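In the two complexes that follow, chain A is the common piece, with chain B as its partner first and chain C second.
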Partner chain A sequence: MRTARFSLVLLVMSVLLSVPSARAQEQSYREKSAYGPIQRRLFELNHEISIGWAYLPLDPFAKGYGAQLSYTIHFNHFIALELFRVGWTYNRDSKLKTKLLDQMPDVSPAEFPAVVFFENTNLIFKLLYGKQSLFNRTVVHFEVYATLGGAFLFRNPYPIWDGDLNNARYEFGVNGGFGARFWFSPRWSFKIDLRDTVVMLCFNRGDFPLENSALVGFSFAVNI
Partner chain B sequence: MYSVKTQPWFLLPILVAVLWAFPVPAQEEGSEAPPEEGEVPLPPPPPTGETGLSDEELKELEGMVEEEVRVGPEVFDEGVKLYYEGSYVDAARRLWDYLAGNQPGADQYGYAEYFLAMAFDKVGLTHAAMEYYYNVAKNRTKPELLPDALQAIERISRNHPFDQELILKDLVYDTGFGYVREDLRDFVEYYQGLLDYRNGFIRWGLRHFGKLREDSYYLYKSRYVRAVYELVKYNLDDAIKTFIEILESDIELADVVNSTRQSVARILFEQKKFKEAYKMYETIDAPIEKQASVFLEEAWTQYYMKDYRRAMGLLYALEAPAFYRYFNPEKFLIKALIYKNLCHYNVAKDAVAEFSHYYGEAIDAIYDRVDLDKNEIILDAALQEPALVELGRFQRLLDTELGMLDNFSSAWGDNGLQDHLSRIYDLKIRDANRRLEDKLDLGIRAVAERLLDFDEQMNLLEYEIGLSIYKRLKGAPAEKESKKDLIPTSGPMVYYEFDGEFWNDELHDFRFFIEDRCFSEERWE
Partner chain C sequence: MHPSRIRGFLKVSVGFILAMLVSLPFRAPAQEDDLDQGKVFAIQARDYRMNHEFSLSMAFLPLDAFYKFFAVSGHYVVHFNDLWAWEAIHFAFSQYLDVDTGLKSELSDKWDASATDTPRIDYSFDTNLMLKPLYGKMTLFDSLIVYMETYFVLGVGAEKFETAWFPAGNVGVGMRIFLSDTLSLRFEVREYVYLEEGGVDSTLYFGVGFCYNAFAEERKVKKEEKGVKE
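Take a look at the complex of A and B:
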């Protein structure tokens, strides 16, 4: 069986026939690779649809529980466009609001508009991609991303089925946040989002409220 | 010393030849002699204009008049001004106007060539730049430009594929440059020495290498060449001594260092110092796509160290996309050997079958004596031969740059520069193809021989596997009680199951979990 495998002749030929590769820069010790850290990513995304829950905790007078749906186009490993992310929330009055209304009957419920519908359009910057070993048994792939874009909010003090839109507010704001995705398979993944919208302008009232509306989202995503 | 006396009868054919070749002076118009009696009259001359010249003669004359037109130095000045303003495309246009309108003896001709080369260099036409730097350095009509031209040539030669015939053989090797700056002298002396080594003029090569400055880039490259030459003579100890000198010199030149490390590791392997060889392989930090041979050699080293899990892991690393072109029949041989040594006979046979699946068609083609360059596997493998790789890279560069010329058509299309460059690139591509074809034959032959060699070894191995199966069937127990390795849920080692995603930092750490199914029979033969 063959044992002497390294042919010295080959080695010599490789040096004397081809000029020893003089590609390196004298200034840099390491040569650059044409590849990044990963040669083949299993978890590539193209067109993604996600559906999930939303929780809006920041309003002191109402806590929103809702659902959201989004569609995202992934351009490459780094950048994606969340074309839309729409959601509806059911708002439950907080104790503070109930107390206020009980103790100060002069205060109108119309003073407390809460988010009922929202729409976000964001650029997504995928900052981290990695994998972790779970109990040395399985490997979990994840990514962490940042988002930045705009948001449209519809805020109303009453649920939508009450039909009372007299105090409704149609608003625009700047939206930003972070999120993490964990893959179950190259097709399916689970996402956690933390978003905040700073409301800049109310269209129908013409005021600039500068209020925050934060959202915590949990959704399942499928790559189509 | 000899002398030759010419016999008078030799003179006759020479005289006839000279007379035959000598142009007969044209007779003046109207002075032609009347045809002699019995002679056929000559056909009438082609139609003439007022000048009395034929259309063809007029066209020729026009061409000559155009050639004679001199373009003044103001065009050169304009080109240089545009160059310094950063308008390299326009600068090239005006400099070409100057060159096309003047003879090589013109006052600013050498400077115009130099600035044109720099303009090409700036717009990314490295081969065109090299051609003009070559003119400046070779003709030396302006000797003061020689250092700058050489410096540019040296820089491009480090960072891009280039025409080695033109630059190394025609320019560097065949030219006496006289006094040149120290750093450039290193470049010249190194390549002159290297070519001397290649041609077998070792003493001359040594003389050139002896002139290199201490601690210069080319000094270490020359040491590498010298060490390899020691390998040729099979002076392994001297070779390794020189290689170690390079490694201990604390230089920061990745290509020299990594080549040296691999060479040292190969020698250590040859000396059966597998542990040291593997340690040396692990120090190589070349880009991952250049490490295919390192992985394979490491796998062999691990095989001889009997760490089959590591060896198999390294073989799996070779499945990474970066290595998809790597001609690697050995992989199947090592796999089959490992499986056989661990008594996994069925998969060992599968590895042999896998080899046939990959290379069977190519091997059949060799046996059938058909045109081997028509076989994709053999052709691709031959193109990976070192001599062809460089030439292939150069050819791709020429193709790319020829394609780039279209980007400049608006600026260079009407003054002939684009046509001129297209011609240069076309010719060079044809030349590169011819050289590739010449070398390809040798490469194909080498690949065919290697394939046949591996085919023979795989056949032998298959036979040995069959024998082992037969022995096993002859009364050995059917199953072995073995302790299975369990992966701990925690501890200092973290385990990542391989899922087909190739992270470059992990490729060296793959382990392939495989049980040893042998009993006591010749396990480590």
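Take a look at the complex of A and C:
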């Protein structure tokens, strides 16, 4: 009899305790805006590695084509830390540089340092998450994010395999940009990035160049 | 318990366990399918539809080494349906809206070189076919729903430089954010490739446009059509 009464008390307590949690859960998924209910995200990220292609178009004397690799830790839906994004670029002389070298004998190739290696560490603010219907047939999930952080650039007038580092520049700058991610599956996604670094300091020359180095990136990412 | 009943119970148990083991590999994918929400979805009717679109935009043309150009542009688009539209005219005016990058003075100071005068863009116009394959919604900080569409443009036109007119083709991609039935914002990037004397060159164009959707009510989806009862 005592056991039955104890069981009944436990049952009532469990029911009473479960009501607020159920209500809280209901609250969290309830309609939060005047526009309609907001669904839970289908794709969430944790530890992300991405590899892709980079294009650096802003240098008037060289256009950079390269590869980049990044590792990002996603804390929650809104904030992530791009711990590192490293890249290497192969620089092709612009028409202007070719003209200068051809027509002016005093001009030396050593005077045109271009980005060879770069490293960025950024905070990522994931502003928007959504889904779009493609041709009204299938659903594509995506997010839009902004980035802000620091960047280290290694600039050299010659390719790294030439071994000539006499005119190299080691620079620090502030990096910011925007990007968009499109998911193929819960693990795999494709990213488009537009980043800009404002170079503020050259360590080994002691100057403050205040130059822009923009990057357009396309990369594949895997959530590990 | 009678030994024959025990044997019968054991037979049934072994059969049941075997049946479970055999069915496991087949059940697991079925469960995955249930969870794979990406394959099971519903596509809602569009809340916003475009009809006759008029726009005023601000643009930035960043890739010229000597000048960064700003432009004011406008366009008229007639939307045939949810998928196709024709940007009948897109006009961008950038004369007097350029900023010197300082490269000329750098060339002059460093190497005593005076760059031959690089022609600046005065204006451009083009006409484009617009494809709108993606329409959807997104959440801003998980609290506000924003409706949007993604579109692609492909067209032909001309660019007027200080020196001459050059025929140009362009390709671009953009995103429209719907503010209401009649108002929307467009963010787009276009690449103009033009034929100049002795070669081909290009102009990159970033634009932000404020759009008005005229006669929006003609395309508005009624609630009854969407299956919503009043």
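By our rule, the second predicted complex is superposed on the first by the 185 of 224 C-alpha atoms of A that agree within 3 Å, B and C clash if a C-alpha of one lies under 4 Å from a C-alpha of the other, contacts with A are read in each partner's own complex, and residues count from 1 in each chain.
Here is the rule we go by: a contact is a pair of C-beta atoms (placed from the backbone, for glycine too) under 8 Å apart; a residue touches a chain by one contact, two chains touch by 3 or more.
These numbers come from a predicted model, not from an experiment.
**Q** Return first, second, both or neither, reflecting whether A:96 touches chain B, chain C, both chains, or no partner chain.
**A** The answer is second: A:96 touches chain C but not chain B.
**Q** Report for A:140: first if it touches chain B alone, second if chain C alone, otherwise both or neither.
**A** second
**Q** Taking the superposition as given, does A:131 touch the first partner, chain B, the second, chain C, both, or neither?
**A** A:131 sits against chain B and chain C alike.
**Q** For A:161, decide between first (touching chain B), second (touching chain C), both and neither.
**A** Neither partner.
**Q** Which of the two partners, first being chain B and second being chain C, lies in contact with A:42: first, second, both, or neither?
**A** both
**Q** A:78 contacts which: chain B (first), chain C (second), both, neither?
**A** A:78: touches chain C, not chain B.
**Q** Intersection of chain A residues contacting chain B with those contacting chain C?
**A** Residues common to the chain A contacts of chain C and of chain B are 32-33, 35, 38, 42, 131, 133, 135-139, 141, listed in rising order.
**Q** Please give the residue numbers of chain B that touch chain A in the complex, ascending.
**A** 157-159, 164, 168, 191, 194, 197-198, 217, 221, 224-225, 228-229, 231-232, 234, 252-259, 263, 266, 269-270, 285-290, 297, 300, 320-322, 330, 333, 337, 386-387, 389-390, 453, 457, 460-461, 487-491, 493-497, 499-505
**Q** Under the stated contact criterion, what part of chain C meets chain A in this complex?
**A** My answer: residues 37-38, 41, 43, 62-63, 65-66, 82-83, 101, 103, 107, 110-111, 113, 133-146, 148-150, 204.
**Q** In their shared complex, at which residues does chain A touch chain B?
**A** Residues 1-2, 4-6, 8, 11-26, 28-35, 37-42, 131, 133, 135-139, 141.
**Q** Give the list of chain A residues in touch with chain C in this complex.
**A** 32-33, 35-36, 38, 42, 57-58, 60, 77-78, 94, 96, 100, 104, 106-107, 111, 127-144, 185, 214
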